[in-house]
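The data blocks that follow each hold one structure.
Below, subunit A partners subunit B and then partners subunit C, in two separate complexes.
Showing the complex of A and B:
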């Protein structure tokens, strides 16, 4: 009987996790401060900023990419949808560039809320958030698709 | 070593052929090796590219000069890479030895994050010198092996050819060289070649030698025979007492013997190259010779005849001449002329003829001789008068004074008659005391005078030493005319006899009437009857 109980608990947990994953599959948008003159960005422009190729917006203004730390699902989803790679692969990429002086985005926030907060306060910042976290102070420049 | 020797030639041909084949195969092999190496190098370069592709992709994507340089230098460490050129929109790294050639490989560099975004181009030029060097080394090894192979095969071929073919041929040639055709020496079959082509060659050679020897023997015999014959013929020709002459149809003398020169000397005629066809200029009656030869040759016969030769000396030379026409092997016509001196025989015959026709005692023609001559006149229808003369009372002289006296009288009469005759007249002792006188072409009217003259001549007295006195004879003559009286000798003789007896009859009464014509006797008979 007890074995049967544990099994039902495990099943419940798996269901909960699945539910969580579905909720995480929410669309992700790339946003900047609404004061930023940039209106739209291409996928390549977004990649170039987040993968360290450029440190400026296409119009030449300085850009500060804001990333999430750790291995949060939203971060996983972002990189997967943007460049089709796992976080491990992305980390390997950065460690390969360690000796070139190039670094991954220096601004790392713990939560999506902190990201929103940072971009709201910095005009040159750029970051990614689930579309549900969008505020009036933010401007969507690129929307990631499935 | 003899440069045309078989082994030498064979060696040259084999070495040359082997070298040529080796050279060609080396060339082809080199080319194939080179192309293979080139293809291999391209494969290697592609593999190299695959190896550095992720790094190159990142480096180019970021246009990170140091990284790109690292990639380029990494590639250059390979000895099959000659030069590298990496180009991105704002970066171009080119190695010092890089140049774009047809063998240069170009790879597009894609962004590491966007598989369809080209971020740069990587060009790699293969190191042809290195590839060539490798191909050369492989080829050299190959040439070395082919060379050794060629040398060994050549050596084996030469040795085998020498042992199996050349040496036996040389032996055969050597033996054959020392064999004189016609001798009994033969070529021996080389060892182990009893059933090979060389063996049958030797058998055939020996057969040929046998045949040659046989032919040489036959030829030698034939030559000996010919020599012997020609010696005999030469002896016959040279020693012949009869002149033998070979001429061309026009008369040029080709060949003559000593006897011919002797004949010319005898005739006192100088030697010439030609005396006309069949030596006709040497004959007296050339027309006769021409006729004889023409007739004979027209009938494909040998011309022969007896002819008198022109002679500047006194002697009369008669020859029997035989003229043969012959065609030589070279289709030239020749005349062979043989002359037999028959003068002596001719003379003897004439002498014999003369003896047979002459009266021994009086040296006049005898009856036989007379008949011949008269018949000849009759045949030629020459008119003549025939006188039959008979001595009167001759038998008593013989009886009384003996035969010797009688003979002396007859000789005397004959000589007296001869005195009165012309050259063309015929005088003959017909027998006993009978004489016939034939006078050609004489008018009948003159006969009486001639008869009187003859009688007068006969009646001339003859001194007989034994009797120590002179004797004189009378004669009776009867004459007849040809062709007036008769046309045959026999009949004419009968007529003359008749006339002569009439004379004798008349003489009894009148000794002066000692001559009568048959014609007159006939007339007298017609009157009486």
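Showing the complex of A and C:
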């Protein structure tokens, strides 16, 4: 009976770890409001936008990038897949842009749900979310891990 | 002018608070411990600082600072940025603590116009030299940056950028004025530059960026020590120094045009980062300011949260030696010493090898340990607080432990 109990716990733990691994590998999509006329972006356009190099959509309209604050796994995965750099390296890079006043800091949100909400309410916003968080009000313009 | 700009932006900001405002506060800081092994040359961060770190000292002031910044979005086109940095400096004042206060107008993604106080942008890292966490090293290479005491420009700049061949081409022109201080072991004096006119262009593609900068500025004041030296030379009898009065006029630097040039390149190779810069400071119309060539090559390797790095830097300029004809030098040895000291104030000649380790404790906090070995040539120690009478050649080891963060 006791052995069966421990086996169940181990199985649960293994399942939780497997689920975590799957969710960590979930595809990340770069999304805009469905009313935004942009249909697709290239990797370099997404890099320019999230790295503060050229903060505009391909049609030349201003963009408002929305980022997640802190060190959330989805944020780490996004920047690792996009530019191959750690969050510490990204933060050092953004410190140059932010504290020299060169670039307006991006909008920071606490959760993926808040990112979804912000983009839903703002036609010029752009952000990244796990593909499972996609809603009808959002449009995918780039997918990482394709 | 700055006051007027500040009044304008504060009224706009106040108005904005009732309209469509969004405000972001952020901060950065460094707590650093510095020690060296020299009794002759005291380490300092730049030539404005009046205190040196000598053998046996454990200094907490020269690199430590804390900065706060506010970004206020006023509308889709306008925003305001204000920044203050509190640190130890030779002359403390609210004006000197204020490093940025500008209003930006960005009608299109390609264009941005900034008016007010902005960070000075004459070399690759002059804009963010005090933002410890932004730099891969514990401190920027002194050979290039210590000779520049200025931190800001009161004026305006225009930025233009466009996407070109999967990269970003950015250009900027700026104008304005600035001021700071120059310090030696016994005196600190204000230095002002006016009619600054500068341009920069950079091309940023994926993992690499190449940049060029060129600026010119006009010195807007004479230092009191120069005026005193000119006065002393003018009192020398013509029997001892026949052309003393005409020589003394060559010491004047008012309206001297100084030119700053910087060429830099940075590239990531997976975990490796290569950074190199060559810079030049030049003044054609004054013998007091020699041509200073300087540069560095830095290489770092990141593994997990750690980065090991090495930097090799140099600065080189010609030394002045008194060789005026028909002067009875034995009659005025102290005055000749003073003339040589004045003429060699900007003459920096040294090279440094640095090795360091950076540990990113978290995404926004890093601990760095850096050892530097500097080889200072005779009369080449301008970047240090010189305690000697004859500025001898020397080797100095500097150890810097710093914790930097951003919020």
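Following the convention adopted for this analysis, the second predicted complex is superposed on the first by the 117 of 146 C-alpha atoms of A that agree within 3 Å, B and C clash if a C-alpha of one lies under 4 Å from a C-alpha of the other, contacts with A are read in each partner's own complex, and residues count from 1 in each chain.
Rule of thumb we're sticking to: contacts are C-beta pairs under 8 Å (C-beta built on N, C-alpha and C of every residue); 3 or more make two chains touch, one makes a residue touch a chain.
Just so you know, these numbers come straight off a predicted model, no measurement behind them.
Annotation: superposed three-chain arrangement on subunit A; subunit B versus subunit C shows a clash. Looking at the shared chain after the overlay, A:60 reaches subunit C, while subunit B stays out of its contact range. In the superposed model, A:86 makes contact with subunit C only, not with subunit B.
Of the two partner chains, subunit B and subunit C are each touched by A:47. After superposition on the shared chain, subunit A has more residues touched by C, the comparison being subunit B against subunit C. Contacts of A:98 after superposition: subunit C is touched, whereas subunit B is not reached. Judged by the touch definition given at the top, the superposed model places A:71 against subunit C, while subunit B stays out of reach. After superposing the two complexes on chain A, the stretch of subunit B that clashes with subunit C is 61-69, out of 7-15, 25-33 or 61-69.
Shared contact residues on subunit A (touching subunit B in one structure, subunit C in the other): 44, 47, 53, 84-85, 93, 96, 100, 102. Taken in their complex, subunit A has these residues touching subunit B: 43-44, 47, 51-53, 82-85, 93, 96-97, 100, 102. Here subunit A touches subunit C in the complex through residues 42, 44-45, 47-48, 53-56, 60-63, 71, 84-93, 95-96, 98-102, 104-105, going by the rule given at the top.
Residues 55, 58, 61-64, 66-67, 111-114, 117 of subunit B touch subunit A in their complex. Those residues of subunit C that touch subunit A in the complex are listed here as 24, 26, 28, 67, 69, 71, 73, 76, 79, 81, 83, 100, 102, 104, 108-110, 114, 118-119, 121, 127-128, 131, 133-136, 161-163, 166-168, 204, 206, 268, 270, 302, 305, 360, 362-364, 366, 406.
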